[in-house]
Structures are given as structure tokens and as C-alpha cells.
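Read through the structures below before going on.
The following pair of complexes shares a single chain, chain A, combined with chain B in the former and chain C in the latter.
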Partner chain A sequence: MALTHEIISHFQVNVNREDCKKCKSCIKNCSFGVFSFNGKQIVAEHHKCVACQRCVIMCPGKAIHISQSESCLPPHGNYTEKIRNIIWAQSGTGGVLISATGNDRPIRSIFDDLLLDSCQVTNPSIDPIREIIETKIFFGRKPKKLDFTTASNDVNEVSLKTNNSVNFEIEMPIMIGHMSLGSISYNACQAIYQAAKELNIVAGSGEGGLHPDFYEYAPNIITEVASGRFGVDLNYLNNAVAIEIKIGQGAKPGHGGHLPGEKVSSLISQTRMIPEGSDALSPYPHHDIYSIEDLAQLIAALKEATRYKIPVGVKIAAVHNSAPIAVGIVRSGADFLTLDGFRGGTGAAPRIIRDHAGIPIELAIAAVDKSLREENLREQITLIAGGSIRYSADLIKVIALGADVAMCCMPVLIAMGCRVCQQCFRGLCPWGIATQDEILVKRLDITIAKNRIINLFHSWNEELKDVLGAMGIDSVESLRSNRDRLRYIGPNPRIAEILEVKHAGE
Partner chain B sequence: MRWENYTSLPEKFRNQRVFDGCGISGFINIDGSRVSGKKVIEMLCILRERENGLGAGYAAYGIYSKYKDYYAFHFLLDDEIAKTQVLEYLEKKGNIIQSEPIPTKKPVNIDNLPIIWRVFFELGSINNPNNDEKIVKIVMDINTNIKNAFVMSSGKDMGVFKGNGWSNEIADFYKISEYKAYMWLAHSRFPTNTPGWWAGAHPFNLLNCSVVHNGEITSYGTNRRYLESFGYKCTLSTDTEVIAYLIDLLCRKHNIPMSIATIALAPPLFEEIEKLDKKSQILFKSIRATYRSAMLNGPFSIVVGYSNPVPTMIGLSDRKKLRPLVVGISEDENTIYMSSEESSFRRLMINDHDFNFKDIWHPRSGNAVIAELGNGLIKNGLEITVKKNNLLQEEAC
Partner chain C sequence: MQVNKRMIVNETKEKIFEIGLEEIIEINAAPNGKSIDSRELNFMIHEAVNANYKSIILNNVCGQRFIGAALKGDIEIIINGIPGNDLGIFMDGPKVIVNGNCEDQSGNTMNHGTIIINGDGGDVIGLSSRGGKIFIKGDVGYRVGIHMKEYEDKFPLLIIGGTINDFLGEYMAGGLIIVLGLKYENGNFQESDQPICGNELGAGIHGGKIFLRTDLSLEDKLGIGANVFDITEEEIAEISPFIDEFCKIFGIPSDIIWKKPFQTIKPISKRPFGGNYCSQII
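Take a look at the complex of A and B:
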């Protein structure tokens, strides 16, 4: 790139010369090649720094700190620095810009504009330390009604006539979203599945197939059938508690998966069943699904293949017409439906799509819950909502808006050590999470990572119970779609209308 | 008594939900013998602390034996226009057998009295199994679409009498002691946030199901959205309405036995279910999974009158028993009494020194008391719903 178009550094790497022991730990630890030793001292190339904090934490002399670059472009409110950088990057490469994690535009979060209700006087709140509050969820399709053989009033004499549809139980209304082996490392997958098993919740496999080492976690894994069909065989389908057909992902609605060749190591090549080093780009649509009846066929085929023993669901990105699409999907026989909002994460996605396509999960879940109810289909399925469930407050609010289960990924990665440097697509993750480099992967201690995930969701669940208790609710079922317990304080009353949530004070 | 707000609340209160504390009472004579409402009035009016003069009501079963095969509509109407509209509407839908005012004790110097009217009604085809469903539609239609009209009750051989006032005033106004019924329910209110309105008083009724309720349903939003899927319209801004509709949905539309329906409303905890044998676990878990939105949360105790076809009285409190419910059985075991407080039972012993109870007990939290006409006490609410595994045997293993 000609010097005249060089992009200025975002970060400034400061090495305190007095504290620096010249041990070169920073050179070893920085996978982005920021540091070098010039014979006299450590020098840093600031423009390569992504502020991942690896060098800062690993420096034995605590000699490094990263600050935001002081140098600046001439300010402009419209042509922001970010937009100018996009233009320079594109005019330099001629390509589509790739990004990772979720939408980073400062768009107002609707979750943050919602407030929760609590009990006072007329109803007593429930103290979760002294009373039982239940957070167990049944995952799968439920019958519309139950039929019983006798009309006897003795419970012990009544027997159920309705065939029990396939359901499994999870202890908390939480699902760890689909992050494939490929987008994240073997160690990260291992930690996630172990945590899911210990917590008795579910985790998604992503579309990268399932390594045989992970078959033992099958009772807690939802495998994904995506447009690339990577790793899909009968073993894969049967080694799961549920199967999800991935139509879309919140970070990139309308796109398939992107796994850059840099991350396709021999391990990945085996589980995905593709050549080493090749880009794994799954097609935008499923090439056997060009409309709803095709989806119904795929659902039926997967159910047939697994002998109707496990639920089959569908994931779609939250887009403008999510509501009618969702109704169609449930009519096609899906046992559960996953909605992924526009802030959802990704290991790699075109920046243009990540930042500009889709709609917020808050609005999508409200609209989908409503139209499923209008068709009297809502109670029969499990509705999962993801797309930036950042902490327990979002989890609680998304359930009150209509979800059965909240799905999240980023908090899991952050719990394991991710600093959100947004470079996942480069395969250089210095924390051993979003990389396939064996040396980097080893940096992630599986047991520590697993325990941190367990701690995180344990605390979410306790906070959920705390809020339920304050609301005078002793089971999470009674929060679901209970929008009466939410109030809106944002600037746009139209949003409250769509959410069917009253304004605070009403 | 308050001579205003008959069929609807003033506009400014309409979007508020009503929160209240309440007194509830009722009894059923197992042999079907009919007794005057005097007894239930005594039971209710002693619970003075539980009301503030802003609403009370009574439901009586077995009062219209002459017309027992016809639907008995009790109407609350603001004016003659509403009455004409309702009667014209009903004539289009079926046959009006009898149309008359409900006898009331007119207060002096009040010029804007409501019209309290009853109609005995039959649909074109008697014995059609869809008749009940048609009546539900008619009730929903009148309550939502005919201005200034409200259906207080719509069952057969029963009726609801309610209004805005103290429990004794309402009893006097409707001359409750002149009716004879085999089952009585009664309710008095302590609303916190609205002036009270006649239609919003309890009991809430749909067909033969009447509910008196003390408490606040914290799962209201979930329950309401569930019911709306099935075409129910929750127009009254009060929790109790959803309880009546849930029972109608479960017991009539889904034809679920009452003992199972009460489990759906207040299911056992998962940790209790886990102690059951495999078959029962499947049963209880299926109920919890399928009817997860029918579960009532928050503090409540309810007494329900129902007949489909056997007249039944049900008492139920929430899973944590945050509202009181006490049950008594007469010495001859012919009458089952339920009330918010034991003082209701003691009240009956003041004037009649020979009167005594065989037993008085507090049902377990979330455990229904069910008493059927002819069959007596089906469930006393003390049962441990769950049959525990033989723990000793397990330990021996």
C-alpha cells in the first residue's frame, strides 16, 4: 500500500523501558506480530495492535499498557473515522471487508430501554433463598392438548392417552449458541460442551460437524445442519439431543458460513470433511430448500433418519418478515424455532451484512410470539431467542417478551478469556479461543474455561430467580410472554407498541 | 352502595388492572338440598376486615329448577337502549323462553339505577354439543360489542348477583336470602386502585363455572396471551377473569378431569415430581409441559363452582399458599364449607348452638379440595399428591 494511504493506528502500545526486562515474552505472546527486538530494546508496531491485552497480562514486569491512539484524523460528524477507514481499506484491496463478533454500530439497545416489575404490598415477593423457584424448561414440541383415558377424579387412576411428544429437560432457560469447531478451537469446544453437560443445558455444535471426541456430550449438544452440510452423516445426526437446520444467522442474514482457509487445519479438515487450508464457504441458501415445502421435506427427512427420537428445529435470522416465516416453519413440522437478532455474533462475516442487515431480537421475538399465538401454534413449540443476550437482564427481558430459552455465545467466549478484539476471522486469537494454531490453542486451559462458563450461567440463573422472586413468580414458565411485567422508558413509543409493552408510569 | 360504573369503569381507569384483597366463602350440600342464602351471607359478612365496601357478589346453584334446561343469562345494563339491543341480539341467536327483571330492593332517591335483567334462553337445537361454545361466543360478543351491557352469568340453573357495595348491602339489594340453592359462593372486595365497578365484582362466571378469588395473579400476562390464542377476550382488566376462562378451556374445551385441571393450574414442584414412579412422572411432566401457560402464579386462593355435568365445588390455593383457605365439613358430612377464614364457620355456630363441624382443616398449598354433588368429598386437599417411592427398599439396595 502506498504510504500516502496508510491507515492510522487505533492503539498505542506503551512499553515502560524501566520495567521492561527484555524477556521477549511479549514477542512470543503476540500472535499479531506487534513486537520485535531491535538488539537494544523491544519495539512495537502500533498499527498491528488489536488491544487484545495478551502481552499486558503476560508481561512479567507489567511494563506494557495499551492506550487509544492519540493521533487523530480531522474530525467529521458524518464521514467518521470508521467510514474513512472502510473506504481506505476497500480502495486498497478491492475486496469485501470481513469482520467478526457482532454488529458494533452504536445502535440503541431496546433491552436497555425496558424495565422490570416488582411486587409491593398487594402481592408478596418470593425469597429465592428460602423458597423454591423453578427454572427448568421442556425443550421440544408439545401437544396442543392432553387426552386422558378415564374421567375419574383420582389422579392415580387417570392415565394419559396423548402420546408424549419428544421433549428433553434443561435446568435453565439458557442455550449456548452454535459456534463450530473451526470458528473456535478444540479446547474451547471441549470447555463449552463440558460446561453444558455439568449445567444440564444445551450447546450448539455449529455447522462444522462433530469431532468423535465430543460424542460423549451428545445429550447436551444440538447439532446443526447448514447449507454446506459439513460433517453431516448419520453419526452426527444421532449424536445429538436435537437437530437444528440453520437457515440463517443473525450476524449475516442471507449468507452462508465463512470459515477462512487459514483456520482449516488438519483437525478441521477431518471433522468438516473438506481439504486442509481450503476456505469453507457454505452456500447462501440450502440448495435443496428454495421454499417452505422444501424445508418441510428436510425436516421430515431428518426426523425419519433419526427415527423420530429427537426434536428437529430451524434457526432463522431476525429479518423484516420473520413473523410469517416463523409461522410457516412451525407449520412445516419444526419442533423448535431459533431466532437470531441482528446483533448476533460471528467468527467471520462480510462487514456490510453484519452491520446493516436484520432487525433487533427484541422486536423480532415480540412479533413472532404474537403471530404464532394468532395461529394458536405458540404453545406447541420451543422458541429460542439469541442475538446479543449479553447478561441476565437481557435473558429475563427476552423471556418476558416471549422466548422459552435465551441463546448466547459472546458471554461464553468472554467468560473464557475473549477480550472482543474482533479479529476471529484471522485465526490468530491469542487467547486460544478463535484459532486453530496448535500453540495458541494450548493457551486455553479447558478446566478453567469450563468452570468460568459454569460460574457465569450459575450466576445468571440465580439472578433470574432473584428477579422472578421479586416479581412474585415461582416458575420461569410464568414469566414467558408476560409482557405485563415490562415497561418501556425509551424515546420511541412506537417500539413499545410493537412490543405490546406499556410505557413506564402507565 | 355506589350507584355508578355498572357495566364499565370510567375511561381513566380502564387501562389499569385492579389489585385487591378479598374475602371468599362458600358451601355445597352434597345431597342437593337447597338452603337459603342467609347462611352464606353470614359467612361472608363476618369477614368485614377483608372488604372496604367497593364490591361484593354471590353465586347460587340450583335456583332455577323450573327453567333448569335453559341457559339463564343475568344481565347488568346501564339503560333501556342496551336492554333492547341485547334482547334483539338474543332473539336472532335463539329462543327467549322468559325475560324479566331480577327482583331487587330499590333504594330511595336514586335515579340512575342499573337494569338488572334475566333471560332464560335456548338455542335452536337443544342437546347440540356445540351449544356451550355458542353461548361462550354470545357472552364474549355482548361484553365486547354491545355498549353498556354486561353478562353477569350464563349457566344453567344458576346465577350470579353482584355489585358495588358492602357485602351485606349487595345481599339486601338482590334479596339473596330469598333464593334457595344447593351450592353458594360469595365474595367481598378490598380494591386498591379503582373506585370499583359492578361488572368487575366477583364471582366471575362463564357458563356453569363461577370463580371467587382472593389474590393477585403475577402470571396474568402469560395466562391472558395463552387464552387469547383460543379466542377468549380478556376485557375486564382483572386477574379473576383469566381463572374462569382457564377452567373453561381445560375442563370444557379440552375435557380434562377437574382433578387434573387443578394440577395444571397449580402443579407440583419438579422436585416432588421426581420422587414419583415413571408413569406418574410422565403424566405430571406432560401436564407441566403442555399447560405451562395455564399455570397460575402469585398469591391466590379461589373457590370455584362448576358443573359439567356434576355440580362441583373446588377450593385451591397457590403453590406457596400466600392466601388463606380453610375447609370445614358438617357433622352429618353433608355440607362442605370453604372460606378465607375460620371465623366464617364459627359465625354459623353463634345463632345455632346445635350446629357443629365434624372437622375443619387447612388444605395443603397448591392442593385442590374437590366436593361433588352426590359423591361428597373427592379430594380433601391434604393428600400428598405424589406417591413416594419406597425409600426403604431403595436404601436396602
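Take a look at the complex of A and C:
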């Protein structure tokens, strides 16, 4: 059965025989087992190749290059090769197809259909290199209004009466999303937390606990309480700058988690606080949260547990009803709200959910921002948007659509060396990022990876300042929800209406 | 701050504990007949803990939530009344005794400590607990003991004197649940007239064990991934000390316990859903 329905190779591994020194570096480097030596020469099994480029870069003779496979199926515009491959995989195994990274369907990006405004004549632009443009964000709940004591007539004796919720400051409106130790390696976590500390931004711990080695980065780590409650104890709650209740994830809204037992090494066991080799199942819902009232209860419990010293927020996936749910979440006492769009990434999720469930972050953030403004709640909460913030343009546009902070993961992984081969769930990452294999993990140099993340976000922040300067805005807070600085050039005017963005030319 | 500094010794305290903890404080959760809210009550408890009181007695408790939340160390809290949801959430060490019923999610994500309920319990008791002991004299509701797990020296134990409802031990990954099926009436313990359990016993269980004291067939009550066995000699030896401890706390004559056999619910495999997925390259 397998033979007659074999999926054709996607890539062709070409080894130039003249340049090949037969040093077998490719055999050592390829964790997918593509290469072998037959006694005379290196041979490649093309169907195992995922085009991760590890062999190409590590080959001392530069003898390898990978091209797209020339073999093809009979063309059909509707039954694409991908759909036929899905059917063959399912009919061969009977299982739910697993996928990694974000949605790979070629759905038009709304970010790409938005254009930014700039100043001409009637309002001056600002030179961001010579003038101060503020990109700091205060993270946490803001009071509805400020009350002052008015006991005395002396204006100098006025003092603030309002009890402010706790807030903390981050240098740029960027958060590194939640990737747990387990989905990514120890070295990758270390690089991310070090970068977050040096940049003074925040990074998520993911739902898999926090290894004691990372407690020193607590002032820059948002820990996550998910339905599995893995690794949640007093140390975990107290070693964080904020706590997030994870309800959903953009890549798999409504879906639980499943870390297979074979991946629960001693390191993961320590972090998640489960025995080595046992499955780590995250139930689909939190079984103590069936309503907004229950959510309010867990928020209050976490605040009680941390003695009201740190903000407690909620992460939901962007789904059809995000806007009213978000209103409920703000009313239930959350200090921040994270919205994760349907292009958001994952280490492992069913393909059917990753590719088809949820809505794009552009529409979700605009709808949530609008609802919160209508309910007079927007100013009280820090709103974080993620789900494929690919580069600084997306960061800028998502802020203009209503986010305070943009959350991203894939650009961080790509900066560290990820080639987006989309095999994270197999634990074979040849770049040492999405793997727990000690030999593979050592391939990721923590310092180099950290510096690349720092460079990336430094660059994004400078570009953000450039755009703000060109718009004549001196603080990123003035760009937030500023839809007037965007114009739409896409094919669907209804999208522009939902985004509350005018069409270009209007 | 309405902390009453009068030293008292409570009746229940004499019954259950060896006296030895000297610093006792009594807090009235409903001064002037009006209940204070959860946050205020918890603030008072924390103040008492910070003042080094080792035994805290809460009187007239009525639905206040999160009592004992994230408290650690050698403290005992005696609750006269009915505590609200999330009693002892994230708790790491203290002993909580409730003279009354408790509501939902008692022992939520508990790491260590003891919760003793002299009455009935609500739903989702012991949710995701990693360690500690929960002893409930009476009946409990749905989804009790869900996703209990164990790790190294942490081992959660949940014993229910009465009966339970559907989805006991769902997703269970470690620890022990024991259900006795007794009822307390007219000062005596006797067999409960209610069915000992609901449906979907141990649905998705992949670690830990559940013991039910019943001679009825449980085959048709099992959830996916769970299987039922007769109790073995080793298992009797394993649970006996826990049952003795439970009987001592609530004054149950231990000979009544062994009049009926126990049945064990265990996972079919450590990987109940391992075969559900396909990771072929598309």
C-alpha cells in the first residue's frame, strides 16, 4: 500500500561529485538521515530532505545544493499536489495530520494591503536620529481616571488618591512570544531570555514551566498558566514580571496540547514537574474556566497568589467572537490581553486546525480595539497582538490598528538560524532550535543567537522610529489605534470598513 | 484590620491535631453579621502569617474564595463555615481544616499540604494538584481529581469518604484517588445508598491509580484509556496507611472499610492517544 501511494520527493539533493571530498560532514549534519556513504560516494535519499540547508552550509567543499524536485504530479488547479499528498498521508495512516510553524496556506496578507502615511508640507516630519522619539511602553492596567485629594486649597498640596495597578516599563513595543522549553531547546530559550534582558523587553516562558536556570531573567519573563498547569508552583508564579492565563493559541484555537512522552527528557521533566518519559497532556479547556466569571476567578486567584505585585493577563486566539470575549476579559480584571492571530506559530498542532481555524490578526485586533473603545475600556488595558508579525512593517501596522505591543516568535527563530523547514514536531531540528537532542542543541551558539535577536529588534525599533518621524509623531503611544495613518489598497473594500481604514486616495 | 488576638483552643482542633502549635489567632469573617470580601479576608490571613501566627482560626466563613492561596510553610488554618472556590489554590505546605462543606476547585494546583473537609465537596476538587493530601468526609461533584500529577517526592492523594460523580480522574497523570462510598448519618458511618460513581471514570488517564470501594461492576462506567482490575495484595498494602489516616481523622471504624472489596482503575497505556497522529511530510 505504501509503495503505490508514496508521496513524491519535494526536493532534489544535488551532490557535485568533483567538489565532494567524501568527508561525510553531510552525513553527520543531516538529522533527517538523507545522506549515506555506499563505499564509493555519498548518496542521498531525496524524499527525506526538508531543504533545511544544514548540509549545504556545513559542506567544506560547497558540493551540495538543494533544488525543488523536478518530478511532478499531473497538474490540477483544484486538487493541488498538497491536497493529494494530504489524502495519501491520511489514507496511509488514519491519523490526524500534525504540522508545525504557522499557517502555510497562501492566503492574502491584509498587512501587505495597508499603506503608511507620511507628512508633506502641512505638518512637519521629525528627524528620528536627532530628535527624541519615544518607543517605551508601560505594561499593565491603567486607571480609568485619576483622583486627587482636594482637601486643601493650596495647589501644592494636591496629591494622587487613585491606587494605581502595578505597571512595568519595556523599551520597545515588542514581546517575544511564548515558546516553551520543550518546543524549543535550552540554548534557544537562553538566547531569547538574554536578548530580552539586554533589550529590556519581555519574553514569554510558554506553558511548560520555567527552568530554575532562567529565574535570573524573571524581570523580563511573562510566565504562562495553561490548562495543563505544568511547572506551576510558587517559584514559577514569583519568578515573573507578569503572568498570562493561556486560553488559546493562534495556531490551534480551542485545541489542547500534547507533548509526547519520548520528548520528556530529564530537563523537560524538571521544568514541567512531571516524571521523565510521561506524556504531557494539556486539556482542551481549563476545567476551572467555563465562563467569564470563572476566568475572573482564576485572574483573582493568581493576583491573590502573587499578592497583587505583578500584572495578570489572558491570551486568546483570534476567533470569530474575539471582540465580545475581549470585552468580557477586560471586565473580568485582566491587566493585559494577548490576541494571537490564525497565522500564529506552533511546535505541533493538527494541520486542520492550524490551517483553517481562527481569523487573521489584522481583523481581530481592529475589532477588539473598536469594541474596547466603544465600551470605554481600551485605555485600561495593555493589548498585545501576535500571529505572524513578520517584520517591522507588520509591527507598525498592527500598532496603528490598535495594539500596544506586537508579539512575535518566528522572526526570532529565523534570526537564530531557523530555515522554516516546518518539521519542529519531529524534534530533529538540525539548527539546534526546535529539538531536545543534546548533540543538536549544542549547534546553537547562545551568544551569537542572542546578538542576532538583539540586532533584529534594534533594527525594527529604528525603523519604527523612522516611520513615526516621517508621520510627525514623537511617541509610539500616539500611533496606537491611529487608523487615519493607514490606507487600504487591497481588493475588498469590506475589509477596509472592518479595519476602519480609508481606501488609498480617500 | 480586625484580628482578634484572644487565644483560644477550638474543639475540632483538639479532636484532630496534636497540640503543639502555640501561636493561635482567631479571625471573624463576618464582623457585625456582615461577611467581608475574599480579598480583605485573605489580606488578614497574610497579615496573621506575617505576624508569625502558626494557627489561624477563621469563624463565620461564607463563600470567601482563595483561602490559603499560595501560602507556604508549617501553618494550620481552621475554617468554621463554608469556604468558597479555590480553597488552598497553589498552596505549598499548610494544613487546612474545614468544619463544613467546601465549594469547587479545592486544592487547585496544590503543591504540598493537607486539606480536610468535614462535609461535602463541590466539583473539580484537586484540579492539577502535584502534591499534598485532600480528605473529604462526604460526597463530591463532577470532574474531581482531574489531571492530578506526581513528580519526584511530590505525590497527590485524594480520599473521598462518600461518592463521586462523572469524570473522576480525567487526564490523570499521577497520584492516588480513593473513593469509599460511605455516608455519615445519625453519628454513624454506613454504606451510602447512592451509586459510588458516575460515568467516564478515568477518561484519558495515563498515570496514577484510582481505587473504588465497591462490588458492583465498573466496566460500563469506564472512560477512554482506563481499565478496571481487582485490587492486589501489594495495592492493599499501598493504600492501607492512607485509609488508616483518613479513618483516624474522621473517626471511622476501620473494620467497616474492609467489608467490601476495592477495585482499581489504571491506565491502559502511558500513551493513550499516541496513535492518533500522523507526522508524514506533506
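Couple of notes before you dig in:
Basically, the second predicted complex is superposed on the first by the 491 of 506 C-alpha atoms of A that agree within 3 Å, B and C clash if a C-alpha of one lies under 4 Å from a C-alpha of the other, contacts with A are read in each partner's own complex, and residues count from 1 in each chain.
Here is the rule we use: contacts are C-beta pairs under 8 Å (C-beta built on N, C-alpha and C of every residue); 3 or more make two chains touch, one makes a residue touch a chain.
None of the values given here were measured: they were computed from a predicted structure.
In the three-chain model built by superposing on chain A, chain B and chain C fit together without any clash. With both structures placed on the common chain, the touch criterion links A:148 to chain B but leaves chain C unconnected. In the superposition on chain A, contact is made by A:90 with chain C only, not with chain B.
Once the two complexes are laid over each other on the shared chain, residue contacts for A:279 go to chain C alone; chain B is not touched. In the superposed model, A:471 lies in contact with chain B only, and not with chain C. Shared-chain residue A:232: touches chain C; no touch with chain B. Using the contact criterion defined above for the overlaid structures, shared-chain residue A:426 touches chain C, although it does not reach chain B.
The overlay of the two complexes leaves chain B and chain C separated by a minimum Cα distance of 25 Å.
Counting contacts by the rule stated earlier, no residue of chain A appears in both its interface with chain B and its interface with chain C. The touching residues of chain A, counted against chain B in their complex, run 119, 121-124, 126, 131-132, 134, 136, 138, 142-148, 150-156, 158-160, 162, 164, 167, 169, 369, 373-374, 376, 378-379, 471-475, 477-485, 502, 506. Interface residues of chain C facing chain A in the complex, by the touch rule stated above, are 38-39, 42, 46, 65-66, 69-70, 72, 85-86, 89-90, 92, 104-105, 108-109, 111, 124, 127-128, 130, 143, 146-147, 149-151, 154, 170-171, 173-174, 204, 206-207, 270-282. The residues of chain A lying in touch with chain C in their complex are 7, 10, 47, 50, 82, 85-86, 89-90, 92-99, 228-229, 232-234, 237, 258, 260-261, 269, 273-275, 277-279, 281, 283, 287-288, 297, 300-301, 304-307, 350-351, 423, 425-426. By the touch rule above, chain B contacts chain A in their complex via residues 15, 17, 19-21, 192, 215-216, 218-222, 224-226, 228-230, 253-260, 263, 269-271, 279-280, 282-283, 285-293, 295-299, 319-320, 322, 370, 372, 378-379, 385, 387.
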